[in-house]
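Step one of this worksheet: look at the structure below.
In this document, chain identifiers A, B, C, D and E correspond to the written order of the chains, with residue numbering beginning at 1 in each.
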Amino acid sequence: MTKKMKIRIAEIIILLIALLVVPLFVKNNYYLLVFNRILINAIVVLGLNFITGLTGQMNLGMAGIFALGAYASALITRYANISPWVGLLLAIAVGWVIGQCLGYPSLRVKGVYLSLTTIGFAEVIRLMFSNLTDITGGTQGMRNIEPYSLFGFKFDTQGKMYYLFFVITAFGFFIAWRIVYSKWGRVFKSLRDNAEAVEMSGVDIADVKIKAFTICAIYGAVAGALYAHFMGYINPSTFTIDMSTNFVIMLLIGGLGSVIGNIFGAIIVTILPEMLRFLDDYYLITFSIIVLLGAIFFPNGWVDAVVRLGKKTINIISDKRAENGKAVSR
Amino acid sequence: SNPDETSESESTNSTVEEATSTSEPVKIGLVAMLTGDNPLNGERMQQAVQLAIDEYNAAGGILGGREIELLVEDDQTLQDMAVTCVEKLISEEVVGIIGPHRSTNALAVEATVATAGVPTLTGGTSPSISELGNDYLFRIRASDEIFASVAAAYAVDELGAKKIGMLYNSDDYGAGAEKIVAEYCKANGIGYVSEGHNTGDTDFTAQITKMGTEGVDALLIWTHDSELAIHARQIYELGLEAKVVSSPGITMQQVIDMCEPEYIEGWQGVTDYVFTSTDETVQEFNKKFSEKYGINTELYSASYYGAALVLIEAIEAAGTTDRTAVMEALKKTSDLSAPVGVLECDDKNNLVHSVNVAEIINKEPVFIKSISVE
Amino acid sequence: MNAAVLVQLLVSGLAMGFIYALVGIEYTLVWNSTGLLNFSHDKLIMLGAYLFGGTFVLGMGFSNPLAIVLAFVIMGLIGVLIANGIFNPLRTMQSMIFAVMGTMILGRIIKEACRLIWGPAPFAISGWLSGNIRIGKISISNANIIICLVSLLVVIGLQLFLNFTKTGKAMRCVAQNKKAAALMGINVTQNICITTAVSAIICSIIGILIIPLFNVSTTMSNSIGLKGFSAGVIGGFGYLPGAIIGGIIIGIVENLAVMVLPAVYKDVVSFVLLILFLLVKPTGLLGKRA
Amino acid sequence: MLKIKGIDAYYGNVQALKNISLEVGPQEIVSIIGSNGAGKTTLMNCIMGILPVRKGEILYKDRDISSMKTHLIMRSGIVQIPEGREIFPNMTVLDNMEMGSYSVKRSKSEMKAKIGEMYDLFPRLRERKSQKAGSLSGGEQQMLAIVRGLMSDPELLMCDEPSLGLAPVIVDEVFDTFVRINKEKKMPIIVVEQNAYIALSISSRCYVMENGSIRISGSSDELIVSDAIIKAYLGG
Amino acid sequence: MSSILKASNVTKKFKGLVAVDDLDFDMKDNTIHSLIGPNGAGKTTTVNLITGVHDLTSGSVEFDGKIISGLPTYKIARSGIGRTFQNIKIFSSMTVLENIMVGGHEQAKLGLVRGVFDFKASKAEEKKLREKAEEILNKIGMYELKDKLMKNLPYGRQKISEIGRAMMNDPILILLDEPAAGLNPSERAELIQVITKTHREGFSYFLIEHNMDVVMNISDYITVLNFGRKIAEGTPKEVQNNEEVIKAYLGNKYVTKKKVSGEV
């Protein structure tokens, strides 16, 4: 067990280093931009995993949370004329509040009803931002959102932002990892299977559900804030049901409940359509078909499927070796 | 100062030079909404730009015989996608970019094109685009300011409106126009009421009924294609008696086709472009386009055909594929005749300064007049 | 605002309400008999309209009745395909998230396929159910009247079917416990196919009926999909007549809200209504959810 | 009647049944006993086609049913009263019973008579007939499951732990009923039971399963006095 | 002996149906107290009332000297009551060990934030929890199965695992709803051993069971219900000779069997 863990940790460190040096080799802004989008999406999916992946409740309102984070940060930087970092803190606070608010319905409504509530929530948020023209600029969107800066160093190019987002995502990954593989992760997961039994173990399930929702919302809002300062321009029309759906697709493709899977899900779903662009008119439909087939044939996520395949081949190879060995010894 | 940086910029320079000396194709990018909620507009954009490029290539290319190559990316009418597409095209070393279309998308890519210094021609009509002061962003359609004020003035001066009612889409397109019309009415002492709706709404009874009870005698409608067609039906069915001046959509075949003739008979539309105009350029363009694609032209094809013309002419005028030079050449554009009118770049990078008014008579947009604004 | 306006708003709200109701009924049917929610449903409505209008009427020039029948047949077959290709594999998975997402992705595929097959241009079918009736100052379109009638017929028909026929009862069994249903001699796979086919046909009915109102485009059913779902929830999910009540409530409330709020908040009103209902009375008005 | 020849079955990669052969003659009551996880339920599921068989064949009236669909097997006359009740929770007791006879055609009066007969078996169900099955007590649900299985007049009845959760007096009644039906209708019955003593006392032959294979089989009268059985399964 | 669980005038109505009717009982500390009765007599309902799953229509329940009726389930559980369910409720997609460890969630006091950042404390806590779970698995004889997925276990094992999960929360009293259902006689004997052994270590048990071998062997005291009403109570000996109990519940065969084996 511990040995396994050590190997895992080593793997992760190698991955981290590899990812850190990416901008040194990739000078292409387009690639860096896509990487940045991946990092932001990854944060959202890491959060979504707590609700949809672990406690098994369908949250289709991630775009609303994301939008709230984005607008909170953009608005406070604009109107109070302060650093985007304060915006990030505000986004965390906003995430906390949404989590408490959305967590409450999750106690009363379950399953598809909850997904409907969350869709409704996201739509209401989007429509509010579009129509509160005086504050948000309405459907004109907000422009010139300041980039992050640290001690006078401005994160204003894709390459610089990559480092910033990378560090934040890595930190988010670390926290998610620690929670998922702790007693909290365990109790979140058990809620998915049978809430009554959890309650009989003395766990206040209302409290736990709201915790899960809060973690999820904080991740979503933080990602939203990063997005606002990354794009420099936000518009309510971005935060649609389609966006929420995309986040859930990322989660599914990565595998429900798997933290590493979250990252890979974000990578695959962000990069794949870009890679399929050469198919012109057919790229979106091809992408959707691939995702659908993936859901049907690899229900545990693509990462799991690849790992299994890898194990199988290793097994086959080692079996062959063993056989050969036997043959030789004979 | 940094040796690395200098060597880097040198190397990019040399690649550009190399490209000039060889006869590699000149790359132009197009960001269009080929999928998503407005795929038709994207398709027209692509068809028109392709048509223009094919013509130049057939005539021997530009810059002394170099072919023009079109790279098309789909932005699904989403802002982050538009930015991605623009970055992709920039990394593929296009000389200039046509699109993205919607104002919101243009605003989203604005900073990127400025930083990268790549001339971009958008059809976004929001007034805020010309306030950006972005040297690299050009606009190949008239601003909403012009459209909306022409529409309001037309309703008052020519149709004799005493009280104007405005039905507008709450997105930046409709809301921008609403603001202008409201100001116009206030300034001219005309009665005014307005009601908004959201993209995708399908029932406007409440808004239209309100216009009726407010007793408006002229109606301005500012929205997108499918909402416009539904408005036409519901105004007819609810029996609202008012003269209608509409956003450009009503002059387009695809919108007209969605209406029964009686719904829109006598409606006026302000538009960049009417294919029934007697103007020679228009007739010629319509002929070429319908020969190739079997359909009549409308404002998307006309506008973006124009965009392709300006960009290519500017590259030719600059005599190089250097983006800054092309940008400067674009700024010098004047007297270039295109289907949407005579293109002339002003100090805010607007290229189009006239709009047309057309009346729908028996499902046919009939050109009435062209109004120029300085 | 005078009385005529109020009546007009009520009438139009009622008319929209019946559209939502019909959509809600269809959701409820699939939910009742498979335990799944079909989120691709608005896109199936659109597909029905495209098949009828784009292919059979405009493309092949068939008469309207023939076109309707053919659209039903094709949609029924598509329903069977969906049942076998998506519902049957996805319904057995560890979490219902798979089935929900599966249908959502399916919706995207249908949308793209429609664009690729019929082109991006929206179109109308001239003369189909068009026209309206005026009673004094009140106007209502013919299509809306027919929609009201059809939704009543569909509800009554389905209600009879589900409660009084063996196949109908079998559908309810399948939704509750598939293994036990098989042990009763019910052909579960076939049963799900039938349900999905019926629901796809209802989708095409909706699609065909709303053509005169919304025209045919890839976005024609965007707003009614979710509202129809809300109608089902507000009326009491799983209970078919509830969907009609729910639809009417949404239709009327969102129209009347315009009297006190700016019209752009129409959708906000219906979603807030939905969320309130879910929180306060998750079983809906007429529902008896277990 | 039913003849199983050397079947294997797997859950994923785990083999759950190993070369099982078994036979049920006409009019015979056969019991299957064995510890937890021995594979008894798995065997029932294989016969009903719920779990696919990898190897071997299952002959019912000399026809191989090992690759048939569950509902067709049921319609050919085999009825399983499943482990864990598996009733339809949101339907009423009466509806559940009616679904039991989904596969047979009955006139209204025949149906009424049949249901009456079942109520007589468990009067408790008559009192609860319009209650949702999901809110029944555990034992009441078990009664319902048994009755639902009997509704279609099976030709071969398989009961997976029918006594689960039933009060002692009811357990006795249930097994008396099985014996009676077996006699009156000449219906062969397979009983899977934890309560080995009862199982052995009503059956003519018995199979003892362990780890997915059959370890002992023989006549019940002999097994009931066999030391090994007493030690392992009768709590001796 | 002081009483640990006391029900006074407990009544529960479902719409028209009276499931539990004016029930009184008094369970003494450190005993095994059984509740038996025909199917549908109201036994499970009684347990649901004790644990706060259902609200009482009237009456009150007292645990360890404090009124617990009206409290939410999790608070009742925290006050020292554990339970198993008649229709098993397990975390089927998790391993056996994880299932048991969830039971100890409340015992581990580390909060979310400290859990993330305090490596040492969280590791120590997790280790403690795991060791405790393993110890309990040992006690219930399921140690070898600890890494198996719960859903792949046979029914009987899943049932027993629920006892283990209940023990993780350090309860004083465990309510068992038909623990022996689905176990064969030798497994039943094992179960009896587990119960009696842990009982000796200090757990009190409130037991519902239809299997008389189990009930009569280990109960200190028995309450008998029929149609929601108490019809008898007393020691096993008293109860199994009670005419009404025999008629309503045990059946005549039971008596003859006992007579044959000469136990009565």
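To be clear about the criterion, a contact is a pair of C-beta atoms (placed from the backbone, for glycine too) under 8 Å apart; a residue touches a chain by one contact, two chains touch by 3 or more.
Quick caveat: nothing in here was measured; it's all calculated off a predicted structure.
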Query raised in the report: If you walk from chain to touching chain, how few steps can bring you from subunit A to subunit B?
Result: 1
Query raised in the report: Which chains are in contact with both subunit B and subunit D?
Result: C
Requested in this report: Just grab the chain with the largest centre-to-centre distance to subunit E, centres being mean Cα coordinates.
Outcome: B
Requested in this report: Report back the single chain whose CA centre is most distant from the CA centre of subunit A.
Outcome: D
Report task. Using mean C-alpha positions as chain centres, tell me how far subunit A is from subunit D in Å, no decimals. Result -> 49
Report task. Find the geometric centre of each of subunit B and subunit E from their Cα atoms only, then give the gap between the two centres in Å, rounded to an integer. Result -> 74
Query raised in the report: If you average the CA atoms of subunit A and of subunit E, how many Å lie between those two points?
Result: 42
Report summary line: Expected list for subunit C, residues touching two or more other chains, is 94, 112, 262, 264, 267
Requested in this report: Could you check subunit E for residues that touch two or more other chains and list them?
Outcome: 93
Query raised in the report: What pairs of chains are touching here?
Result: A-B, A-C, A-E, B-C, C-D, D-E
**Report entry** Contact footprint of subunit B on subunit C as seen in their complex
**Finding:** 1-2, 5, 8-9, 12-13, 16, 112, 115, 119-124, 126, 130, 132, 134, 137, 139, 141, 212-215, 217-220, 222-224, 255, 258-259, 262-264, 266-267
Query raised in the report: Inside the complex, what are the residues of subunit C that reach subunit D?
Result: 166, 169-170, 172-173, 176-177, 179-188, 290
Report summary line: Listed in rising order, the residues of subunit B that touch subunit A in the complex are 34-35, 72-74, 76, 78-80, 83-84, 87-88, 90-91, 103-104, 107-108, 110-111, 115-116, 126, 128, 170-172, 175-176, 196, 198-199
Report task. Going by the contact rule at the top, pick out the subunit E residues touching subunit A in the complex. Result -> 51, 53, 72-74, 77-78, 82-83, 85, 89-94, 98-99, 101-106, 108, 110, 112, 115-117, 122, 125-126, 129, 162, 165-166, 168-169
Query raised in the report: Taking the complex as given, what residues does subunit D use to touch subunit E?
Result: 11, 14, 33-38, 41, 83-84, 124, 128, 131, 135-140, 142-143, 161, 164-173, 194-197, 231-235
